[in-house]
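Have a look at the structure that comes next, please.
For clarity, chains are labelled A, B, C, D, E and F in written order, and residue numbers in each chain start from 1.
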Amino acid sequence: MPYVNIKITREGATKEQKEVLIAGVTKLLQETLGKNPQTTVVVIDEVETDNWGIGGESVTVRRKRGQ
Amino acid sequence: MPYVNIKITREGATKEQKEVLIAGVTKLLQETLGKNPQTTVVVIDEVETDNWGIGGESVTVRRKRGQ
Amino acid sequence: MPYVNIKITREGATKEQKEVLIAGVTKLLQETLGKNPQTTVVVIDEVETDNWGIGGESVTVRRKRGQ
Amino acid sequence: MPYVNIKITREGATKEQKEVLIAGVTKLLQETLGKNPQTTVVVIDEVETDNWGIGGESVTVRRKRGQ
Amino acid sequence: MPYVNIKITREGATKEQKEVLIAGVTKLLQETLGKNPQTTVVVIDEVETDNWGIGGESVTVRRKRGQ
Amino acid sequence: MPYVNIKITREGATKEQKEVLIAGVTKLLQETLGKNPQTTVVVIDEVETDNWGIGGESVTVRRKRGQ
């Protein structure tokens, strides 16, 4: 019954990588807390780099500087 | 003043259906808790089926199997 | 499979009222979008009035003024 | 280390305006609570007006009436 | 830089179990997407069973029936 | 009409500091995007340090090491 929300920048995560994330988080909750995988929900949000800030500036600006 | 976030998979909900959800949740909060509908906020997020996992796999994979 | 998060101020909602919210939102999603109630998740967050702001001030301050 | 999520309707906020929001929130948390700006994360969600409800109806409907 | 929010019912997860969740999710994001663990944020919300609904009723009610 | 959620660790933020955050974010949205302060909602979540992870471990563990 857990609900997990993963937010990452939209920078090319593939369907296969997202399947790995969904399976991995679900398994982690089952092994650690005994949660039923059948009712574990995982939602992945991919956020534009213009809309993600860290250190007081967007990731877009950071990427342009090579960070 | 309540804030409600509804997350569903992006599978063709129409504008009319979304109006029904917004009106229905707002009315439910008014009738149940006396909340002022004028300041009740409802945000609907429609999530790609690749990005929604349940049972350890994405909804995309489940839909292909007919689930 | 929908996920709904309802945020309200912590001002005495009873267990019974919260059951009404859970049942009502679940039914609304079933009737409007055909969503399976068995996998519809509803999470209610009750937030201290000090921690909820509207109009640039906390609900605590507004309540003291009679709003 | 704070995490801030700003949700606004998608109505033309520019990159420059989003940079101002990111910088401003980060500075506010630094000045008010001494939070380290280097690890302050800000995520901006722009939501379609069909998907944002207030007063029991979508912003799309309100905008058509001139609100 | 990812942000992960894990919501579970408040039913006795220990500090040690929460450390395992934090370490496990962080490692999963590093291995799957190459995300820097130093800036990966994980927030765990433990929600009262009265406030978590599934199948149209609270977990409190379900637990009383032995589910 | 914006909705802002600020998540910080629970480490003694005062009512006065939270009022400053609420007023400051509301003003920032008004000045930057012309948003109406009367309908801007700000919700502050204070999270236990056991439940906040960064760098693959909880803030509790980091604080013990002096970080």
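Just so we're on the same page, a residue touches a chain if its C-beta (ideal position, glycine included) is under 8 Å from a C-beta of that chain, and two chains touch if they have at least 3 such contacts.
Protein identities per chain, from UniProt: A, B, C, D, E, F = Tautomerase.
Predicted model only: the values in this text are computed from it and were never measured.
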| item | value |
| --- | --- |
| Steps needed, at fewest, to go from chain A to chain C via touching chains | 1 |
| Chains in simultaneous contact with chain C and chain F | B, E |
| Angular offset of chain C relative to chain E [C-alpha, multiple of 5 degrees] | 120 |
| Chain whose Cα centroid lies at the greatest distance from that of chain E | D |
| Between E-F and D-E, the pair with more C-beta contacts | E-F |
| Same or different contact residues where chain D meets its copy chain B, judged by the half mark | different |
| Chain centre separation (chain B, chain C; CA means) in Å | 14 |
| Computed distance of Cα centres, chain B from chain A, in Å | 20 |
| Shared-contact residues (touching 2 or more other chains) in chain F | 1, 3, 7, 21, 25, 39, 41, 43, 52, 54 |
| Pairs of chains satisfying the touch condition | A-B, A-C, A-D, A-E, B-C, B-D, B-F, C-E, C-F, D-E, D-F, E-F |
| In the complex, chain E residues that touch chain A | 1-9, 13, 17, 20-21, 24-25, 28-29, 32-33, 35, 39, 52, 54, 59 |
| Contact footprint of chain E on chain D as seen in their complex | 1, 3, 39, 41, 43 |
| Residue ranges of chain D touching chain A (in the complex, touch as defined) | 15, 18-19, 21-23, 25-27, 37-46 |
| Parts of chain B lying in touch with chain A, wherever the complex brings them together | 7, 47, 50-58, 60-61 |
